[in-house]
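To keep things simple, chains are lettered A, B, C and D as they appear, and every chain counts its residues starting from 1.
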Amino acid sequence: MFRVALFGCGRIGQVHARSIAGHDDAELAWVCDPVLPAAQSLAARHGGRATDSVTRVLSDPGLDAVVIASPTPTHIDLLTQATLAGKPVLCEKPIDLDLARIDACWAEIAGLRPFVMMGFNRRFDPTFTNIHRRVADGEIGTLRALRLTSRDPEPPPRAYVAASGGLFRDMTIHDFDVARYFLGEIAEVQAFTSGDGHEMLTAEGDAHQAMVLLRARSGALCTITNSRSCAFGHDQRLEAFGDNGMLEAGNQTSSSVRAYGPGGTETADPYLKFFVERYRDAYRAEFDEFVRAVREQRPPSPGFADGRAALALADAAAESAATGRAVAVSPALTDGVLT
Amino acid sequence: MFRVALFGCGRIGQVHARSIAGHDDAELAWVCDPVLPAAQSLAARHGGRATDSVTRVLSDPGLDAVVIASPTPTHIDLLTQATLAGKPVLCEKPIDLDLARIDACWAEIAGLRPFVMMGFNRRFDPTFTNIHRRVADGEIGTLRALRLTSRDPEPPPRAYVAASGGLFRDMTIHDFDVARYFLGEIAEVQAFTSGDGHEMLTAEGDAHQAMVLLRARSGALCTITNSRSCAFGHDQRLEAFGDNGMLEAGNQTSSSVRAYGPGGTETADPYLKFFVERYRDAYRAEFDEFVRAVREQRPPSPGFADGRAALALADAAAESAATGRAVAVSPALTDGVLT
Amino acid sequence: MFRVALFGCGRIGQVHARSIAGHDDAELAWVCDPVLPAAQSLAARHGGRATDSVTRVLSDPGLDAVVIASPTPTHIDLLTQATLAGKPVLCEKPIDLDLARIDACWAEIAGLRPFVMMGFNRRFDPTFTNIHRRVADGEIGTLRALRLTSRDPEPPPRAYVAASGGLFRDMTIHDFDVARYFLGEIAEVQAFTSGDGHEMLTAEGDAHQAMVLLRARSGALCTITNSRSCAFGHDQRLEAFGDNGMLEAGNQTSSSVRAYGPGGTETADPYLKFFVERYRDAYRAEFDEFVRAVREQRPPSPGFADGRAALALADAAAESAATGRAVAVSPALTDGVLT
Amino acid sequence: MFRVALFGCGRIGQVHARSIAGHDDAELAWVCDPVLPAAQSLAARHGGRATDSVTRVLSDPGLDAVVIASPTPTHIDLLTQATLAGKPVLCEKPIDLDLARIDACWAEIAGLRPFVMMGFNRRFDPTFTNIHRRVADGEIGTLRALRLTSRDPEPPPRAYVAASGGLFRDMTIHDFDVARYFLGEIAEVQAFTSGDGHEMLTAEGDAHQAMVLLRARSGALCTITNSRSCAFGHDQRLEAFGDNGMLEAGNQTSSSVRAYGPGGTETADPYLKFFVERYRDAYRAEFDEFVRAVREQRPPSPGFADGRAALALADAAAESAATGRAVAVSPALTDGVLT
């Protein structure tokens, strides 16, 4: 069995615990959280030993790998320690909210040939990977335009917003990664945001919605549409437009019921509520790929450089929204540090 | 110009008046109805001279053709007179409610090589003809099963029901014709009906819904689903299932709007309300084919024999619903008289 | 933990093994099959002890329940033995292919107040239960018409067909149960079948497709469409039509991708291939309900009487197809034996 | 009858000729084109007298109105002459490619209280007006985000491109108008374009695709996606997202057929090919509104100011694409001249 330690027992930590416990070939060896009862409760449900000691976990010689799902400010420290201990890491996004810290981290660990896979779950969603493969197979010819839609059902709690780094670094970062997954490196970013009169978000200096334009180095264009609220569920769509056609990822429902009445026809259910429901299979597939990559000693993908590049795009979007200028993303910014 | 006389100014007469008046190459020469003001009113809108005299119309040497859209009991007499006057006829379904009268009519006119086209409008609907052509082109391989759905928005007025000959002869007759259009001759019929507790229909001895099974001589099977009421519009669907796939005619709306909200997603408009809206293009195409067939001296299709065959199927369904037995439809019944 | 013995290691046995092993609160205690290596192989994958001895399994005092997924001819014997041993049973459909044997079985076990739940998995499908609940909640008013579509991707192997009891008893039996689930008792049945020129099925005296009409005692009508082949996957649809609207269960795909090109637009994936994929969640929910019903000492639903009633409808349909007559289903036939 | 003169006999002139000729209450009185045979040919088909003399047309005292569908450089002159002659005008977009000329034109005619309606046909499309009305009725709450998609099936001929003023002024101008129709005045514009390696377009200094972001004064955001090519027809979509839901205008097909096969399911037809097919009803409704507005002496909408505002947005988008800066659209630029 592939023995895994999980750091962090919040919402996303629980998602990973389920993926690990449900994996045919892996088991939850440790659940680590500074709030010990939280670790104990999760371990009771999914197995593993509970602890609040990082050292204790990382000194377990039988430990095969580490999943970091703790709060963002702890990522770099845990990632560094795990790498120094020789453990492969699957780290939730973002690596950190500060590019300088990320680069400093890399400077420290690069020589160790670290195995750091980033938790960009959408790269493993069956619908998105289906489109990615078909684009690669040439089904729609050269890819010219990508359109991404991500709308959350409702804004997170105020404390979460305050620590999140803002919409671009917290939410759009997934879309930036998907854009790179489909288009490769991005050359330039433009963005508009709006508070939409949302009191809490405005008080926190954050946006309620955003629209972003990307120009890829390949010449392809991309638009991203985000909102922190959506009345009809978790709106998660992708549209890849090429010379010979288009592939589209539609939203998903929990049943295939359609309703017909005097007020309207063909009514589907509201969409799956949020990422836990929408990306359940993606999280499983992500963890499965992590296990296989570790075992086969393949470099992880998406890796550390991808985590850094997505944050660089978030920074660029924030700058564009603030200044009203297209912001160029230099090659060095996106991957130079890691070449 | 192709000069046409219209008999009958009711709802279906008005539909034909619009098709004639809107045709590039035809004009409404006469509008004939025993209720003269009705004829005058329709002529005022779409052109032509109004009259209540059938003789006057048929003795017009410049008249090119006749459209019969009067009440069913008058069809045979008008059809016979027009044929004797040498005028091509487009006759609304059914020819009559009595097979014996139909056969007697045919005995009278057969020697005149009559041009009688039946108003089975669905054979000209762009969606149905698209499927018919693709089936003929082999897109789905051998056609094995056909499913037809026809639901009207609400029952007709009591007087109409009383004179209609019942659900099978009035409403299902369209589906019987569509079945023959796709499957050729039918060998056997089974049917169930239900009053569904509808007071007026039950008082008139008529059904509110029906389900019919057909076995074609080819071996293909067919099911027809009818209802006199439908809360969401005129439900008109067709499904052709073959060895290699399926082609389906979906319902239609007046716009391509979809709505999304907390209660449901992808909600389309209610369907087009009734046959006047749903089959607008079909009526136009039907009349256009009538004009072309007359001009090119082609035999009309669907013709008199098709009108008779559809009624024979309605009779068979009524017998099956009454007796609980599958009713065989002998070749002679469906087309012998006309071979 | 709820300890379960599984009889039968074929395709459907494997489906149940997965449901049992994946259940939070149950475990596979025994895997029993006359072919011991088959039992050993399944036990190796999902846990439990392998055996070919029914007696040994049923004499395990720690055994909580039994799942029967062996060939149909063994059902009655296993069901009887398990009941005599005091074990609750979840039995795959059909109970048997012979109503007389079913009634004899019941006569033997009725006094034991047996717990026998039938494996009509579709009653537990999230899409079907969603519609069932909404119909019960009155969303579409009185239910007037039900339409069921079940098409398998391809015919089973010849040996399976030979032992299956024919299309109605093997395949349509699911639809008969769904019809009863939605409409209650059925009064009358009509049916047509066709061999469609399929050589093997014809050689076995079986049909390739069937269309069935049902009249419920409530007056509602139902049509069932079956085919042993379907080019585009496992076609599984249900349409419930009522006075105020309609609810429809559409087919399902493995992703929400839509494709657009010169040849067509909005193209979805082929449908989920077969019942193992399509009803994965239904099998899990069925087993979960089994566990809960046993624990809460509730009578199982669907129960033995439902298993008998579905077979009675299959017999009636076969008789109708053979004789061309509507076949009345007497109350005694459908549930009298169990009242 | 409402007597109308048509200037211009090209593709768009022919569309208008059909709308005029097909209107119950209007007729084509004059067809005017410098190429007299073109005018004669169109007049032969749809009625009216053919001429190459603008003066002769405008001096017809019985002429009720003028439709300008000639090449863009002639619009201002014809519009001015017609206004001086006291004739109401329906003018195809754009008024001109030069804002200064537009303002000079207005300075000349403003005192005459001119009736100038702009041919932004999409404001009259049944699907778009349905959404506009429902947004106004509050169905989705406050409108926060608008997404417009316009993709033409293929690039226009080189000569057309050369004279068009570029993608933004020729094609996106429709989207700019739709944005204003839904969102009111626009404050700021950002845009990216790409040549996508298209030789002819690149040679003409034009773009193959564009993505545009708009910020409305209301705070709402908008994104526009354009392409000069689309493999699956005329891609024309609109999505209005608000606090309580979303309304979407989907693409349209010529039939409601869906196809199912081993390669995919639910395949709709390719979309309606181009604007002539897609906006047929919109052109009719536009002309109908023109007739009614003239008769009821209502100010036309969209009017001259709307034509100017859409061009101002096109200029701003071109500037943004060239400079990489968000371009503010001052109030004076969008409507000051006309207040």
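Here, contacts are C-beta pairs under 8 Å (C-beta built on N, C-alpha and C of every residue); 3 or more make two chains touch, one makes a residue touch a chain.
The shown structure was predicted, so the numbers you read here are calculated from the model rather than taken from an experiment.
Visitor: Of the other chains, whose C-alpha centre is the longest way from the centre of subunit A?
Guide: B
Visitor: Pick the pair with more C-beta contacts: A-C or A-B?
Guide: When A-B is set beside A-C, the one with more contacts is A-C.
Visitor: Roughly how far is subunit A from subunit C, centre to centre by C-alpha average, rounded to an integer in Å?
Guide: 41
Visitor: Please report how many Å separate the Cα centroid of subunit A from that of subunit B, as a whole number.
Guide: Distance between chain centres, rounded to whole Å: 58 Å.
Visitor: Can you tell me which residues of subunit A touch two or more of the remaining chains?
Guide: 140, 231-232, 244-246, 251, 259-262, 269
Visitor: Using the touch rule from the top, collect the residues of subunit B that touch subunit D in their complex.
Guide: 126-127, 130-131, 134, 139-140, 244-252, 254-262, 269
Visitor: Which subunit A residues qualify as touching subunit B in the complex?
Guide: 231-233, 251, 253, 259-271
Visitor: Would you mind writing out the residues of subunit B in touch with subunit C in their complex?
Guide: For subunit B paired with subunit C, touching residues are 140-142, 144-145, 147, 151, 188, 190-192, 194-197, 208-211, 213, 215, 219-223, 225, 227, 229, 231-232, 241-246, 324-326.
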